Amino acid sequence: MNELGPIPTPEAPAPNILRCAYMEIVVSDLAASRAFYVDTLGLVVTKETDDALYLRTFDEFIHHNLVLREGPVPAIAAFAYRVRSPEDVDKAEAYYRELGCKTLRKAEGFVDGIGDAVRVEDPLGFPYEFFYECDHVERMCWDYDKQGPGALVRLDHFNQVFPDVVNGSKYLEDLGFRRTEDIKDDEDVTYAAWFARKHTVHDTALTGGDGPRMHHIAFATHEKHNILYICDKLGALRQSDAIERGPGRHGVSNAFYLYLRDPDGHRVEIYTQDYYTGDPDNPTITWDVHDNQRRDWWGHLVVPSWYRDASLVLDLEGNPQPLVARHEPKELDVTIGADGFSYTRKGDTDKGFKVGMQL
Amino acid sequence: MNELGPIPTPEAPAPNILRCAYMEIVVSDLAASRAFYVDTLGLVVTKETDDALYLRTFDEFIHHNLVLREGPVPAIAAFAYRVRSPEDVDKAEAYYRELGCKTLRKAEGFVDGIGDAVRVEDPLGFPYEFFYECDHVERMCWDYDKQGPGALVRLDHFNQVFPDVVNGSKYLEDLGFRRTEDIKDDEDVTYAAWFARKHTVHDTALTGGDGPRMHHIAFATHEKHNILYICDKLGALRQSDAIERGPGRHGVSNAFYLYLRDPDGHRVEIYTQDYYTGDPDNPTITWDVHDNQRRDWWGHLVVPSWYRDASLVLDLEGNPQPLVARHEPKELDVTIGADGFSYTRKGDTDKGFKVGMQL
Amino acid sequence: MNELGPIPTPEAPAPNILRCAYMEIVVSDLAASRAFYVDTLGLVVTKETDDALYLRTFDEFIHHNLVLREGPVPAIAAFAYRVRSPEDVDKAEAYYRELGCKTLRKAEGFVDGIGDAVRVEDPLGFPYEFFYECDHVERMCWDYDKQGPGALVRLDHFNQVFPDVVNGSKYLEDLGFRRTEDIKDDEDVTYAAWFARKHTVHDTALTGGDGPRMHHIAFATHEKHNILYICDKLGALRQSDAIERGPGRHGVSNAFYLYLRDPDGHRVEIYTQDYYTGDPDNPTITWDVHDNQRRDWWGHLVVPSWYRDASLVLDLEGNPQPLVARHEPKELDVTIGADGFSYTRKGDTDKGFKVGMQL
Amino acid sequence: MNELGPIPTPEAPAPNILRCAYMEIVVSDLAASRAFYVDTLGLVVTKETDDALYLRTFDEFIHHNLVLREGPVPAIAAFAYRVRSPEDVDKAEAYYRELGCKTLRKAEGFVDGIGDAVRVEDPLGFPYEFFYECDHVERMCWDYDKQGPGALVRLDHFNQVFPDVVNGSKYLEDLGFRRTEDIKDDEDVTYAAWFARKHTVHDTALTGGDGPRMHHIAFATHEKHNILYICDKLGALRQSDAIERGPGRHGVSNAFYLYLRDPDGHRVEIYTQDYYTGDPDNPTITWDVHDNQRRDWWGHLVVPSWYRDASLVLDLEGNPQPLVARHEPKELDVTIGADGFSYTRKGDTDKGFKVGMQL
């Protein structure tokens, strides 16, 4: 069943997207969020105002990778992509206008440090921004004296929840994203798909579910021990309940991962070591939804909240977008609990010892 | 309630125990066990016969740390400790005789590579061996060409399941073990305790439960990434269901851990980086059984099978010891499920996102 | 002084280069090279013939990243780049013809696994190849059971020795490469420069010196401990004399590095963890040639052979290209020995304790 | 030739030494030393007075592992060992009195945090201290929020320079140390030897040279990347000239190492991952002085200052001990430069590419 229907391919050329660049997140208590993102996770503060915090990773040279703004409803205000040139902002505006989407252009930018930009309510209901102009700041790659043991060095990707992964994927591919991996079943239901512009496994992904919602934002570390340290530190701070899932090895992407929840419940992934995907014929990898190593290579169960919870997204007026329910089977339902089944070795009925098999 | 009653302290001097040295395990299918311990975990083969396999770790210079012997009932035939001198074997024999335990002395040793040794059925029902004489073999510390990415470099410790931790602990302390850590509740029930002879957190531990049984044998790696690799390899071999629990950081011991189950269900821990405990006044650390960071510093639930399952142990005739039930509260019952409660921050009722909170 | 003179910018469009893809190296003893690249370094064998070996890294999906061919003169037969489309091979051919370079087109490819390709003697004298068509092979990212502790996961870059870095750089920038970093002095002499197509710090680099020669080919590991292991393994094999320089941290690129020499003296770098450079306005970083942390962030001396030695390159007939001497100052001369000087803190005359300061 | 002559074995029993416990070092500028040991290396401050700083490692539970005291002559005031009981302090006093050594007993201890102790001028001229009583402080194993990426977790060992390694070794073995490794030549000259009380490769070592002097004090990290980080941080602080040698892998001890020089030139090693040595028949490993992998497994040259420089030691009145020259061949002379020779493969004359072979 098709919740959305195919989104037409515009005749206007798509903007040339470089990469996911920053997310603007509304938080309910800026001080609490600052404690999480700055004191605990160690993101670099580029700028701080009464109601907003501009943060970046250590390898970044543009103004920020994350804007936290205090507001009444915790939600996502923008998924911002950087494009290759100023003209690509024009192209983005024209592209979405042809799609019939609401667009808003601001020559001075929507947030500090960013110049001419367009924000749109995309056909899936997500607030996307496209910009080229931005302030350059110091790239702190070499500032090891300031990098803690869990240093976040890059913004890696966004992840979006949407009910209709098939039609959502077509829209992203029209926009120039390469599909790198996906999760399906034998009846051709698509549960999730991953999409890249830069040379990693993704700049964004679609996770099937009631949406539009933001599933997570992911930051990269250099090595796996950096991620383990973040867990150790959360334990030392008696905040281990901020750990939702992991650390572990993904099947999809082959990356090492950890999922945290910030003080408003926004999900943050810490991620390292996927693979190069920059060739146009990069092979797309399809995983079986019943393969229990697809989301955790070590076969650990995905915690139900990871499937259920996600953040609201805002329209261009700042109001939360209403949710559309997913009508196709949900990954949670088909893989966890009495009706779900999954396997380590296809055809093998052994269950193993892990929590999900025992509780 | 006291299942056992205090074990008297012998007048005879205790043998001077150096360290846990090897375990003899009966397995049902030697080829399957060889595939697990040699092909997957990479232990070094010292000697191989039709029905037995003698394995060691890379840093070891004595003949073996593990004997696998094929037999009808998967169970533990011996927990073997090395003592400081040949005379300490005599002392061990006298010590257990005074305790009224069955003892068996073999000048030629019970297994290949080990000389004069005494085996006893100790007061808790475990088959303990004490030996000094043994063949020296090549210490392969420097053989990096032969060490895989998950190289096991030392036998670290044993862990025993026994119903009465309090009286079992007194017996081990009389035998010269230092108690390094334990888990209790506010009503002075002891759920588990850790005991060291060498300078690490333990050579053995008592885990409260129906016993005598063998909870696990633990091997050490140099670094955490070695342990992560073992998980990655099990995933690649489609054997991720051999992973029972972890990897994670222990609260107790501060070590990084992983629990596997071998083809017979015998539990193997892979372990790294606890702390020095060699001083006589080394502080004993007591954890609250309701502190959910005690067994996993990151607050992940302990899987029920980890509490429930353990290996039978054999008497000196090779018959399984009957089990005595634990009458005191069990850690599984007081911490998991409807009746259990645990906390991240004492007094705080937040539950967090993890699997055990949601399933 | 200008050894080469500016190379004109063709009117024909440059081919759209994706990335450095493979190198073809002539070796004097294929069995010895196999022992080094396969047995010691663990590259994956895609194909093996009587006189050639086709090797790839674990994350690669194209046929190979390295061709070793037995021949009389150890030298480099091709630096091969993959382009975005079949038409880009045509563009490359036209581009170099306009430059007056010798070109050779083979629809069936020059080596196994590669289709339609053009080889050129570029204006600097290097044998460059451009191809799009190639066989896909299994991407072995997830094959952890086959990956050793020093697993090489990607071809990272080439490095070329050439006397005139300024004019050589202009040629590469015309070809579409982004300059990411360089080394200069106060009098505007350029000693080296780094150039990227994919999103890393480089696909190739120019190192000032008598050329054209091949300085090194670099493969990436996931983490630093993988590189340390390669050293440990070479020690275990009593081949530590294959280590020329490092391991260490580069200033330039911020990567962790190790330089080895293969049985013919061809230099191989093992490399990990530089930074994202995919934005068009990615800041170029210029290092002072006298800053002793530029090539080793820890201030260790660069070994003279690293500056002096490099591999010959072949013309399209398979004959070694004659060398042109560098007339500008050489980095070796200005930084090592009696006439060189370098600093840790600009203006500070302290010398430190390291080998180069004492021998 | 024998500089010292054999030191008689006392009839009095040797004290039961647990481990090296702390060193007292005189520094010329306490603020500069604080910047190095606290701000850069991250040692934990237990106590701070106007002229002294008491520092410990993260896993330690006794008051300190290092006392820095400001004074006119940078030198070592005490090598302090912890003994098993208060009575062992009496034994130590009697033992050294029988040897005819100066001894000084202070019931209140020589430094803060330490109780009843005896200091002696030992037969080699070193200021040794023995104590049991000391204040317990918080063991900060679990305080990951306070541990930086280069966290020092244990005091590992001392290293002493002395001309007569053979007779010095006999004295240490009489005192109860186990010899674990040594370096010799074919003519039975001993260049260095390692001695353990705790279960690691050493608590102290003798390095042949003009002495008595202090060669280095070594602290342990958990993993190799912690050591690499310390180098990266020194680079970021533009203090890379504090790095004297390494990082690298030792042949002797199999540990990963780094040597730094503090603001007074006192040498500090950062060390990780040697092997268990606690058995009485632990095999002693002898290395050939000409094996160039003995001190660096990767074959890198030992920098001459590492052989030449060392810190003065003080007598019990606080005056520097005069130096006795080594008359036997020196390791520096026989291995570096025109007269020295060393090999990677015994009998092979290849020289390799490294700095020491080229400068």
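All chains are identified by letter, namely A, B, C and D, in their written order; residue positions are counted from 1 within each chain.
The working rule: contacts are C-beta pairs under 8 Å (C-beta built on N, C-alpha and C of every residue); 3 or more make two chains touch, one makes a residue touch a chain.
On a predicted model such as this, the values are computed, not experimentally measured, just so you know.
Shared contact partners of subunit C and subunit D, listed by label: A, B. Just to note, of A-B and B-C, the chains joined by more C-beta pairs in contact are A-B. Comparing the centres of all chains, each the average of its CA atoms, the largest separation from subunit C belongs to B. Rounded to whole angstrom, the centroid-to-centroid distance between subunit B and subunit D, based on C-alpha atoms, equals 34 Å. Centre-to-centre, using mean CA coordinates, subunit B is 50 Å away from subunit C. As a whole-number value, the distance joining the C-alpha centres of subunit A and subunit B reads 42 Å. The multi-chain contact residues of subunit D, meaning those touching 2 or more other chains, are 142, 223-225, 232, 235, 251, 297. Listing the residues of subunit C that touch subunit A in their complex gives 18-19, 59, 61-62, 82, 84-85, 136, 139, 141-142, 153-154, 198-199, 222-224, 251, 254, 273, 275-276, 278-283, 297. Those residues of subunit B whose C-beta lies close enough to touch subunit A in the complex are 224-225, 228, 231-232, 234-235, 238-245, 247, 249, 251, 256, 261, 292-293, 297-301, 303-306, 309, 336, 344-345, 350-356, 358-359.
Listing the residues of subunit B that touch subunit C in their complex gives 142-149, 151, 223, 225, 229, 232-233, 235-237.
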